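Next come two complexes built around chain A: one with chain B, the other with chain C.
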Partner chain A sequence: MIGSAYSVADLVALWISLKLATVTMVLLLLACTPLAWWLATTRSRVRVIIEAVAALPLVLPPTVVGFYLLLFLGPHGWGGRFAQQLGLQSLSFSFGGLVLGSMLYSLPFVMQPLQNAFQAVGQRTLEAAATLGAPPWDRFFSVALPLARRGFISAAVLAFAHTLGEFGVVLMIGGNIPGRTQTAAIAIFNYAEAMNYGAAQRLSVTLLMGCFVLLVIVYAVNRRLRNAVVIA
Partner chain B sequence: MTKYRILSPRLAAQLLIWLLVAASLVARADELNVAVAANFFGALQELAPRFEQATGNKLVLSSGSSGQFYTQIKQGAPFDVLLSADSERPRQLEAEGLAVSGSRITYAIGTLVLWSPQSQMVDSEGKVLFNGQYRMIGIADPVNAPYGAAAEQVLKGLGIWEKLNRDKQIAFGENITQAWQFASTGNADMAFVALSQVTDGKIISGSYWIPPQSLYTPIDQDAVVLARTTKRRTAEVFLTWLRQDPQAIAIIKAAGYSVKP
Partner chain C sequence: MSLAVKVSLARRDFQLDVACEFPASGVVALFGRSGAGKTTLLRCLAGLERPAPGRVSLNGEVWQDDHNFVPPHRRPLGYVFQEANLFPHLDARGNLEFGLRRVPAAKRRIRFEEVVEFMGLAGLLSHRADQLSGGQRQRIAIARAVLTSPQMLLLDEPLSSLDLESRAEILPYLESLPDRLSIPIIYVSHAISEITRVADHIAIMEAGAVVACGPLQALLTRPELPLAHLDEAGSIFNGVIAQHDVEFHLSYVSVAGARLALSRQSAPVGAQVRVRIDARDVSLALKPPELSSITNVLAGRVIDVTDDRDPAHRLVRVDIGGQQLLARITHRSVAQLGVSAGLAVFAQIKSVALTDRL
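Let's turn to the complex of A and B:
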């Protein structure tokens, strides 16, 4: 049952999942690094509010997040109207829309490891670097970033894996279009619904094995890094 | 100091148990657990109190997709009756011995409608489908949802299925509710939905086209009594009532369905 060949649609769905997970991971890391750094170092009272907002996607059911995104992206929603004013197509039913939804939904999984990692670096280390004459950007790039690298690995793995397994948001705003928005998770669900358990299992096992291998590699690398000496 | 207790906790617990036993003996009315396809949920909510009035039996409703119910029933879900959105799954349950054989009825026949919330969008002959002035059409998943299969047949019958798919102009909802959502939020310009979703006796808002019945296989929605029920008689009474009671039929028709003569 598992040994049978993949259909073209399966491979396309897997490719879209991989692409979505990778793009989401990279964009989230880029977007969250400055924000997590700010959250880890600021004394502003606004911090708790931002922290709470960034954790909210953990609370809401994904289909609810997806539904609100659908309203937001529609012609009467802010996102849809904004796109119209710019003369652009709305993001609903597009790959870009899936990226937006996935970024929103995986946000806490990147923000929290990064913030924790930056906090663990500690003010003292940074002050020591400052007394040695390192300007702020140098303190960030040569001290904080290398020391926080395990946080980055955790964040990247969580963002990637969480996006691969994401279902509800993609279901709501994707429109299940083969070759554009049909991810592996959606394809598996469709197979199961259609009582095609063989095909569902084939894709599920592929996804599981792929992620398992990936996670093993990441954790093995992580273990080496832990023992390595930082040369700043 | 001595505490005076009229009831010891133990005595109170025993009394409570006896009360419950007595209550269950007195109550003759049954409670039926009904799994109902999402598109008929609203209508059944209206029907349930009438049925209770008529027979004294209560209906406990669970709404969901027919496909999920089928899987759950195979795994022993505790439902007495299934009101499916298709005829295929009830037939299959019957064949597999999971439904009481001979209990299957067609309780409603669905009508497909091309609907848009915008008043000028859809014309009464469906010519809009050919004018190329739209970005997206929402339909339910043709493999799993009967209304999706019907929509596919209509688009194929009109000869535009291939083109729309090639241009990726069809958004597939998991079920008919999602197809409706695509259009009602404006993300799709129009959608093939169930007439029951947009009618309240008459079409509530927007514009629509009802494709001729000749373009698609009738959407028979079948119900069965499930084999594991302990309330078979009550379940059969319910299905007979659903099929024959004039008041029930009136509600089903007002909800946008037709019934078998």
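Let's turn to the complex of A and C:
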């Protein structure tokens, strides 16, 4: 049963999951790096508010995130109307909508390791770089980034794996359109609901093994970098 | 040649208010107990704090005034922190080259090899920060700052985080810096023993303000200042090595027309030296002593007698051929000998220490 071949629909669902996880991971790293850097270095009082907002997806049920996103992206929401004015099609029930939802939902898993890693670099180390003639951007690239590399590895893996395993938000805003928005996690749900346990097993084992191998690689790399993974 | 500073900085439980002009040559020690504001003042000089209002200029070049603020990376100075603060992702060579690479070739005044040689770092270049001892790390931190060819060097208690052995290892390097670099050095410390070895000038800080600033030699003995009342209070004399005594392993230094014996020195005859005499090692007599194990005797005249922290003690300043000697003797002796201003006395000195700087 487990060894039986994947159906085309399975492969498409796996492909959508992989694509979604990769795109989400890359976009989140790009978006969170400056924000995490700001949070790690600012003395502003707004910081705690931003931190709380960024941590919200950790505690909210995915359906709540998905529900508000649906309202926001729908034809009567700000996001939906804005998209219409730009002549774009609505993001709900599209791959773009999935990416947006996944980014929101995995945000804390990227923000917190990055912020912790930047904070661990230490004010004094950056001041030393400043007195040695390095301007702010130079301090960021030649001191902060290399010292925070373990945080980046953690953030990337967590974003990827967490998006791969995401279910609720995708279901709420992406629907369940095979070939477009149906991820492997949702395909498993469909199979299980239709009592097709063999097919559900096939995809589940694939995700299980994939995630396991991924984490083993990460922990091995981190071990070689000598310090523990920085996880929120 | 001066460093002009006028800064105010308010913190929750601390207020820094300094208006002072430091000589921009030799070594200026910033002295005070912890919490006096020494480090904060140093950070203002470096641009790591932004005092308001603030005015900082070195030899007329303005680093901060009401309209301008030159950020730390554009100030031509080297800064050494209490902790070495090496970059953990770089080896020793990477740390040393970090600042060097950011200085345009035309502005470099000191060569990499030269600094590595005189700071004794040749064997350490490929080591990472965590493979080095505390003393080695601090030597690299000093060399790293020196390699930026700064116009001024700021040292924030560079020895305070080190054990005694590492301090002894680094002090000779610190002492040789002024002659090697010929740039002004501001040296923060709360240890007067370190200061008497390296500094020419001293600024005394208390509760966020500079209470006195001037030549070290003069301020050490001023009874109204805290230095004269420290346990390790003392005075400094300039002298010249006059003779070496091979048989008894002694060297003689001529100071203010007299000769002081101290343990055999390596400096050649004729070399200028600075000797330190602790106030508690000095006793006073009205006649020259005849048979005594104390051979170092200086003739002088009492300048004044003041109270000391301990009510049993008095501080006596004695003029020795124009230089000032500080003696800490008991109140009882002052009364018995009738010590008062103008009295001719003979100061017997139990031990003399050579401070290595000229």
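List of remarks:
Keep in mind that, in the parts below, the second predicted complex is superposed on the first by the 226 of 232 C-alpha atoms of A that agree within 3 Å, B and C clash if a C-alpha of one lies under 4 Å from a C-alpha of the other, contacts with A are read in each partner's own complex, and residues count from 1 in each chain.
What we mean here is this: contacts are C-beta pairs under 8 Å (C-beta built on N, C-alpha and C of every residue); 3 or more make two chains touch, one makes a residue touch a chain.
All of these numbers come straight from a predicted model, not from anything done at the bench.
By the touch criterion stated above, A:40 is placed in contact with neither chain B nor chain C.
When the two complexes are overlaid on their common chain A, residue A:111 makes contact with neither chain B nor chain C.
Once the two complexes are laid over each other on the shared chain, residue contacts for A:76 go to chain B alone; chain C is not touched. In the superposed model, A:65 lies in contact with neither chain B nor chain C. The partner that reaches more residues of chain A, of the two candidates chain B and chain C, is B. Within the superposed three-chain model, A:103 lies out of touch with both chain B and chain C [touch as defined at top].
In the superposed model, A:132 lies in contact with chain C only, and not with chain B. Look at A:124: by the touch rule set out above, it reaches chain C but stays clear of chain B. Contacts of A:172 after superposition: chain B is touched, whereas chain C is not reached. Within chain A, not a single residue is touched by chain B in the first complex and by chain C in the second. If you check the complex, the residues on chain C that touch chain A are 46, 48, 71-75, 77-79, 81, 83, 85, 87-89, 98-99, 102-103, 141, 144-145, 148. Within the complex formed with chain A, the chain B residues making contact are 65, 67-68, 70-71, 135-136, 138, 141, 143-144, 168, 170-174, 178, 181-182, 185-188. Listed in rising order, the residues of chain A touching chain B in the complex are 67, 70-71, 73-77, 80, 89-90, 92-93, 171-173, 175-177, 179-180, 189-190, 192-195.
By the touch criterion given at the top, residues 124-125, 127-136, 138, 142-143, 146-147 of chain A touch chain C in their complex.
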